[in-house]
Every structure is written in C-alpha cells, then in structure tokens.
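Note that the chains are named A, B, C, D and E in the order they appear, and that numbering of residues resets to 1 at the start of each chain.
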C-alpha cells in the first residue's frame, strides 16, 4: 500500500525512483526548478515522461513498458496546481461543484458551499475567480481538489499565497482530512517549517533526482549529503579530513588544527565534507563549568550578529581558520543577558553527536540547480 | 520625499491613508484578501479607485479631485505582479529586454542577460515562460521589474514560489539594489520573517485599512491593537480588567485572580484586552533564585508541547484560569536539560515590559477578513 | 415587398446554422487540440470553399448533386424528390459554402483556452463530454458567436450558389438575396432599396442584440 | 488557361490584403479594448457587408461610386480616371466586401490576450505603439493569419461585386473567378475544370504552408 | 485608343460573337475584347461609366434607354432577331416538337418535374418563353415546375444539365456544338411570342474608337450576317431595320 514512482524524462529532467507511504503526507522539498511540479504532473497523468512506472496501492496508473496509461480523469486524485487553473467562467461555488458531479444538483451546491467554508471563503461563493485575491484563488483551488474526496491529494505549494493565520487554519483542515479519510498526500513546499509541521515523510529532490527520503524528523536531523544539507538550509558546511589517529584507533575529523571527535565510522580516510546545524553550535559560557561536557571546543571571534524576530543569528570565525564562517542561532533573549559585540571572542562547542558527515555524493548531484 | 497614499474604493474595498518612507523597503502585511494587491495596483495606476491621491516624492501620480492621472507607463515603477504576467511569446531574455527599451539593441541583450544572472536563471535565457518552473517564472518577473531601474519597486509576494536558499540570495540582491540606487520598495508578503529581514518599515493592513505603520522592529514588538497582534501571529490574547488599585495608585491588569503589573497608564478602567508574545513568556526555573526579578508570576500546567525545528512550542493553562491557554516558545535545546511532561506544573513570568495592552480598536476593524 | 423570400431566407439561415454549428464545433475542437501532421492540410481543405466563386461552386454542385449524378439519384430514391432546385439542396449548398466561416472562429476560440484550465477539468474527473460541455463550450462563447453571426449573415446574403442550384423557385429557393437582385435587374431601384434596407435593419438588430448581450456576459468572466 | 486573369486575381488579393489588414487591425483593436456602449453597433455595422448579396453590393457601389455620383466625379477629377471599371475600383469593392472577414478574427485574437500581460506591458514603460507592436501584435498571430487567409481566399473567389463594379474587362477587371464562371457559361467544362483545379491547388498550398509554419511557431509560445 | 476595344454582348451571342471576332481579326488584324453577360447589368454599368465601346443587347429597349440618356452615338441598329427553342436533354421524358404537344402531354400526365426558362421579370428570352407558353395555354399549368435562370445562358445550363426535364432557351445557344450534344431541340414558331419579338439591337457608345467603329460596320456586312444566321439568329431584312 503505497505510491511507487519510477520516472525518467528529459526537459523537464527527471531521474527518479521513489516509494511514498500510503495514508501519509509526504513533502517534496527541493530548489526552484528541480522538478517537483513535473513529478506531481506525472503522477496526475498530465506529463508523459519518456519512461514512467506509477503504481498507486498496487494499481498501475502509468507503465510505459506495459504501455498502460490510466487517463487523468480516472485517477482518484485531487490536484492543486501551482497556478491554480480555476475555471474563469464559473463562480467560486461553480468551480467546486465541478468536482462534485457524482452528487445530485441540490446536494452538490450544499456540499460545495461546505468545502468553501472549510477553506474560509464561504462568503465569496458567488464571485468569479477574476474578482478574488491571490490567496482566495489558491484556497478555492484547494477546496476544489479536496471536494472530489480523492485517494491521492497532490498539492503544489498550496499555501504559498496565504497568510500565516489562514495557513495554520488550513493545516488543521488538511490534518483533519487525513485523519478522517486516511488519504495519501504529496505536498510540494519550499517551507521547511511547513514540511516539518504537516508531513510525516520528506523527499529531498535535486535536479530531478531523489537525494534522500525518510521520516521528516530523521531527514531534517541528518541530511545524508551536502546537497541535502544545503536544501535543508544548513549554512555550516566545511571541508575537513577524516583520519584514524583518534584515541583507541577511533576516527577523528581534522578541521584545520582542530581535531573533532566523531560518532560514525567510515572506512575511508582523506578529505571529507561535514556540517552542523546552526542551532547545534553551542555557546560555551565563561561563567559555567563544562568540564568533560566540553566536546570539540572551537575558539572563535564574532563577526556579526543580527536579531531576526525572536532569534539571534551570530556569524563566527574560528581563530585558527580565518577564512571559514560558522553560523550560530540563539534565542534572542540570550542577548539581553550576555550582550555580544562584533570582534568579541567566544568558544563554541560542536558536539560529536551533532556533526553531520557527508558521504560521497551521488554522481552528478553535487551542483545546485538554478 | 516619500510615497503618499490616500485610497478609497469599493470592490476591492480600500480605505487607506498612508505615507511610506522614500528609499526604504516597506512591507505590507495583512491577511489574504485584505487588499494588498489592490494597493499595489492602485500605486501602479492599474486600478482606478473611486477616490485616490497618490504622490511620489511630491509628484502627483493620481489625484481624483484634481482629475490628474499619470498613466502607468510614465510612472517610473518596477512591478512584480502576483501572477507574474510574463510575455508568453518572448524568451526569458526577451522578457527582460522589454524593460530595457531605452538602451541600444546590443546593450540591451547584454544587460538583460546580466539581470537574469542576478536572479540566477542566467542559463535559461532562451526558454519561453511556458517551459520554466514556477519559481523560475517568478524570478524572471523580478528580473524584468528591476531591469527598468525604477524609482519605485512594487513587489507582490515576489518570493512565494522560490526555495529558501534562492530566496536568501534574492534578499541579498534586493538589499544591494537598495544600497546602490536608494529606490523605494513596497513589498507585499505573508512571511513575517521576510518582512523582518528585508523591510525597515512595516504596514499592517486589514480589510483595506491601515492598522499600524512604523519601523519594522517597533511594529513587531508592539502591535497597537488586537487585530495587529493577530496579524503578527501572536496567539496569546486575553480579556482582562484594568483598574487603578495598584501600589501608589498605579494601574493593574486583573486577569482572573492574577493582578499583573503594567507599564503604561490609561485613563480608562474596565475590561481591557491584552496579549504577550510566546517568546516573552519566561519559564521560571525552580533551581534558580529570581527574587525580585520574578515579575507577574503565573502558575500553570503544561497541556502539550511540540518540537518545531529548533524551537519548542509549549501550551500552558494557568491553574487559576482553566479555560485559557498560553503559548510559550523555547529553544528546543531547553528540552534536553529540562524535560517537560504534559500535566507537569510550572511557573511562568510575564514581565510588565512585555505586556501588550490593546487600546480600543478603530471602529469596524475588529473582525478578521476571510 | 417579397415577404415570402424574406421568410425563406430566414429559414435557410436558421436551418444552416442549426446544422452547421453542431458540425463545426467538433471539427474545430479536433483542429484546436490535435498535433497531427495532417492538421494544416485539413485547415487548408476547410478554407477551400472560399477560393472558388460561389457561382462556380454552384455549377459543380449542380453537376455533383444533379439528377444524373450518383449522389443525386441516391438522394432522389431515398427522399422521392431531387436534391437540386429544392430547399434541401440550398441547405446543403449553403452549409458547404459556410464551412470556413464557421470553423475558423470556433477553432481559434478553443485554442485560446488556457492549458491549465483544460487540465483542471481532467483533474476534476470530468469525462470528455462533461469537459466539453461545461468548460470548453462556455469558454469559447465569443468565437461561437462570431461564427454564428457570420454564418447567419452570410447565408442571408448568399447569392451565387443559391442561384445555381436553386433555380429561383418562389417559396422554395427564391431567397431574399435573389429577390433583391431580380429587382435591380428589372431596374426597380425603389423595390431593391426597400428590400435591402429592411434586410440590413433586421440583420443589424439581430447582431447588435446578440453581441451586446454576450459582451456583457463575458466581461465578468475574463480568465484570471 | 487564362493566365492573365490568374495574375490579376493574385494582384487583387494581395493588394486587398495589404490595404485591408492595416485598416482592420486598429479597428479590431479598438473593438477589443473599448467598453463603450456603441461597440455592438459598430460590430453590427462591420458585419453588414455580409448580409447583402455581392451583386447587389456591387450594384449599389456602382451607383455610389459611378461616374454619375458625387464621389465618382470627385475621384475622376482628382485622378483623371473613373473609379469604377478599373483596378482601383475592384480593390475598393473587395476591401469593403472583406471587412467582416478581416476584423472579426483579429478582434477575437486581441480579446484573448490576458489582462496581466497587457498590464505588464504598461509596467515595462512601453508606449502605446511599442506595446501594440511588441506584445499585442505577436500574441494575436493566429487570428491575423485566419483573417489574412480568409481575406485572400475570399478575394480570389469573389465574383458578384467584381463583376458589377469591374465589368469583366479582360486584363483589367476580369479576375480568375469571372474567367472560370465564363468558362462554365460557355459550357467549356474542361476549361473550367482546369482553371478551378489550378486555383484550388495554388490556394491549398499557400494555406497549408502558412498554417503549418505559424502553427509550429505558436506551439512553443502558448501562454503560461 | 490602340488598345483592343471592349464590347459588351448579351449572353446568347457567346458562340456567334467569338467566331465573328476571330473573323474580324483575320480580316483587319485588329483584336477586340468581348464581355458576355446580362443585358440588364450592362445597361446599369454603362449608365455608370463602363468603358464599353459597343453594346450588343438582347433587347432593344435597353439600347433605347441608353440612347435616351445620350450615352450612345445613335439609336443603333438591329443586328438579329432571336428565336427560342424547346430543349430536352438526352434521357428526358420530354420529346421535342415545335408545337409543344409533347410538353402539353407530359404536363397533363403530371410527369413534368422541372422546366427551365430565363427569368421573365428581367431577361428578354424569359419574356419570350413566357409569351410562347401563354400562347400555347400552358403558362398557368407549368408555373409550379419552373426554374428560372438569371439569364438565357443559365436557363440553357439548367435545361441541359439533366436535372430538369427541359426548357425554353435561345436557338443560338442550342445550335452551339457543346449544347447540341447534350440533347434535342425544336424551334418554336416566331409568332408564338410575337408580343416579345426578341429584337436584338447594337449600338456604338459615345467613347467608341475607330476599331469599334470598324467592328460595328463589320457586323452589318453580309459575311457577318451569314455567320449570325448559321448560329440561329434571324437576320433582319431592311424593312425590319427601321
């Protein structure tokens, strides 16, 4: 019971093999232009890749080898396209009613109104799409998609045009739908928070390829490779050397003169790229005894700091590596008690458990899509 | 030197009087459907409100009383519309070259290519919009808008379809443009972080009206009214009573049995709505002596907590007010040292300086737009 | 005033419309959606009735549909009366003659429907007919209207073909166009003027009313 | 084979196109963009040349432009030769007759340009003409092509008006349409067939090539 | 003008005049250009300045009409008198006889389906056909079967197409080999349509040049009259001439 995808195509480029869990929300995350929309369109049967095999719950939807293809309208999907694709000649109510053609006429309009209410545009039922705001159009597209009560919901950045409050209300609706119907959802998003809040699974895509897939929490915590780390917005990525000269033959990551203890073991030695989440860069307070807790201390100088909402971003340069910059995130409140000044020295600790060690990249996935 | 706006209209509804500082980025923030796009369109001269007075740097662009109207093409603006409005029959390069008609033909294509590079779609110069991804289209629209080297840049959710990394690169470009040209920018966004990072000024809009305007930091820290607080995503909004029975005749905010000290003085007494940022709800550690520092303590019980990225959201119910819920935000790391359990008791402190006391709402702005 | 020929022309125009539109719509739809290599050939063929003078088309129709032709005889056996010099013959001729005027505007209208909207129709689970009736047709109204008005007016004014296969039989094939022409040939300028003016007035009213109504309807529904 | 009339017809069709398109485009543009109340009336008027039979239009044109009319006399004084029974007269007549076929497809094409795209043109600071030339015109290609093909073909096949206003003078006003008609009247079926086939072949090739080329060009540029 | 003059000629003259033009060219080396069409149209066109130099009308009244307006040199001359025939295409149920007896029978049997004549409203041959049918007493009976040609030539086309049972058309056209091959015909007596004598008159127009003048004179020579007679026109004697 799952959605199996094998897609190969050129222009849009796809080279993908993935299995998405049934009954869950899977987020597709990737840079702009990496092929997320194309994947959704292929699942919907709107894009015909050169080679495709798509099976939903064991049922074949596309199989270019077997020359089987279930037409879009027969796939039990709800699709919110990136550009909405509303029917311009129908009112908001009429747009939703288009998804409800299995109902009788009276039921249909009652039910359509309910779906509009669900996305909080109930009072705009009589408006034509032309007279709706961007976010209202987007929500209308969402209402139309869920109105079909699909087995598979394909959402292409479905909350990009609505405000936070509305977004949060819509998250609740989507989650409620999930609990009620157990439908499978593929959510394209650029918003890590959104993925974290909504999706139980996460697929990282780059240049049409799958970089990493797995439960959201795991992927967020442990990106498998440098590209994945970049996708997850981890700014601290560095070049080090792995060697086996640690205590008791354990491996050590050499970063300039620093010799950082690591958790994992690799059977390679040599140059190795690694990273760390800014939130995992810990400030060592002078006034507190750390003792043995002080893992992998790095002495730094503060370059700059910026307060962002409730967060404080601090850029540090290790004293021993003047060309590298390390980003650290602290709660803004920390500044009140320990005012930071550019130029000031401080020691941070990079706990071995938090170090991300990137294996070899899959060939060709190193570059960043435009 | 500023952009002065007086707009009154019905369908889209506007009732607005605002002055935006010149040479700065001003963010318009408001719920979906509140009229942000309509305001930009009015500034661009594409929407003709019933009554309008728009002056840019003292020059009249629209004045329905004086019957003056500068046509759109003569306004030195760059506009990124919410739906991009790309020229479908021109390549990406051709789209940008449309904004550069003052240059010679050879210069024009060189310059257009540079603008495409600036938004990181340089290698897609020969593609037609149809063959671009959503985020690539959006960046193309941005390139076309800045290529005109306008005095006024109107950006309608210009980063909604691009990933974080690209977004951050674009922020840098926008900021660089600002430093180089000192242009005035109006940025519509739903993203508080984006507003905080980019905009020096912030206007909060609700149902076509201006709720609050001012430097971003101030507005973020001190929303003037309940609607503004909701726009800024502050979940902790409560009903209290203001009375004058505090020490030395000072005012006190009664919240159930709690009597919270306040900073401001009002010459009213009676029911009063108030709020507090979740980040300002401070956890009182048992192991630390607070003494006099312990302002406005409230004893609570933990209802639920959720880890969101590096943050921890905790919902609390005051022991004395079982129907109210207080949200608190902590760095996720806090959980490691002080594991929280639902049902557990804790005391929080609401510092008088952090309490937001909401004056009377402007009439009619109390409700939320759909 | 030759009222009979007026009513005959109106009948002819309406019957032509009623038969031609339902034929043109699928043809235009196919042309708008196909990517096949023969598409430009079909488009060319459809435009051909324009190229020959109506009287010459009439001449050939007379040969092809006449009583001596295979087709004419088959028709006569089926319906007991010949195809030429009859109202049915006129209808057939005017359908053939109007094909290009009916198909092209509808085709352009179908082509202008945004791909996103068509795809959304599929994603709503609508079958081919549902999509066609509820999305494609309503969105191509202006093109249909153009096609209908042009066909209608053009049938009213058609002369050459009708003259050739009609034979000017009052009440059956003597249309108002021929009637007006007969007046001019008989140097009855007053009669010709009166009939022309009336014909123009009727047509203008029809066109203005239909364009006015549909124009107002379309304004609210422009695509987003 | 009457080559003279072939070349005359081609000339007439090309000159008509060259004069009519530049006139139709602004008219269509105005109709597509205006919201004025007289719009449907103008649309109705433009469709009127369709309603009267071509020979009758020719008859009236002859009266209005003839040597006895005020207009015909003015023209003759200015240019030293009469307007009717000359190539110029034919051109004028065929322009009048083709107005509805040229204006309507272009108008529909202009109407189909998305509002966002037009507005973006304004926001790029393009003046009216720039916008018109670089945005509106290229986006309405299919409609222009329809208009051009229909006008071209229709002029080739035009018969009634040309016969009346031209007077069937060999080499001057005897178009291929009239020539073919003449052949049929002379019971010269073989001659008529040959000329018809050649005319059809020329037209078909022109249409297929132009549709094929433009069709390929448009595919890449469909609106987003 | 050195350019070949244009001549407007009634449709029934088509075959005869093509031959005469060739003869004229062979004799004088001068070419002429002939437009065939309906006499009524030519009249309207000449009234509005058509550059024809000779007008050969199928009905002398058109010539008089133009002469009255001063558009012609004179009142012209009668060049021929037209005759009408009953034409029946091969395979028709109608047999032809000068007295229209067969036609009468077929009508009486109710078997006549379609019968072509030129439009009597404005075509001279149509009026002659009507007169002949009236004389025969067939007019009211035949009316429901009538199909009307715009002019005599079109009536001939209808009559020979096989889609009609026959028709009354000009003798000059039926004699042409192209038509003669398509059916049989019998000439209807001239006095049956004496009310509509089909007096065909030609006239030189005001702007006629030397070549036109020469051709006009050529048409009155015996040689030309013989050719006209061959094509079934009754050549007017001097008494008929004026």
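The working rule: contacts are C-beta pairs under 8 Å (C-beta built on N, C-alpha and C of every residue); 3 or more make two chains touch, one makes a residue touch a chain.
Computed from a prediction, not measured in an experiment: that's the story for all the values here.
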Top-ranked pair of chains - ranking by C-beta pairs in contact: C-D
Centroid comparison with subunit A (C-alpha atoms), farthest chain: E
Rounded Å distance, subunit A centre to subunit D centre (Cα mean): 58
Centroid spacing, where centroids are CA-atom means, of subunit C and subunit D in whole angstrom: 19
Between subunit C and subunit E, centroid-to-centroid distance (C-alpha), Å: 36
Set of subunit C residues in contact with two or more other chains: 59, 114, 181, 184, 222-224
Interface hub residues of subunit A, defined as touching at least two other chains: 83, 131
Touching two or more other chains - residue numbers and ranges from subunit E: 41, 44, 154, 157
Contact pairs between chains, per stated definition: A-B, A-C, B-D, C-D, C-E, D-E
Subunit C contact footprint on subunit E (complex, rising order): 38, 40-41, 43-44, 91, 113-114, 116, 119, 121-123, 146-150, 154, 157-158, 161-164
Touching residues (chain side subunit C, partner subunit E) in the complex: 59, 62-63, 66-68, 72, 82, 84-85, 163-164, 166-169, 173, 181-182, 184-187
Residue ranges of subunit D in contact with subunit C within the complex: 35, 39-41, 43-45, 47-48, 50-56, 59-60, 100-101, 104-105, 108-109, 111-112, 114-115, 142-143, 146, 149-150, 153-154, 156-160, 177-178, 180-181, 184, 192, 196, 199-200, 203-205, 207-209, 211-212, 215, 219, 222-223
Complex interface listing, subunit D residues touching subunit B: 114, 116-117, 119-127, 130-131, 134-135, 138-139, 220-224
Residue ranges of subunit A in contact with subunit C within the complex: 44-46, 71-74, 76-79, 81, 83-89, 98-99, 101, 128-131, 137, 144-145, 148
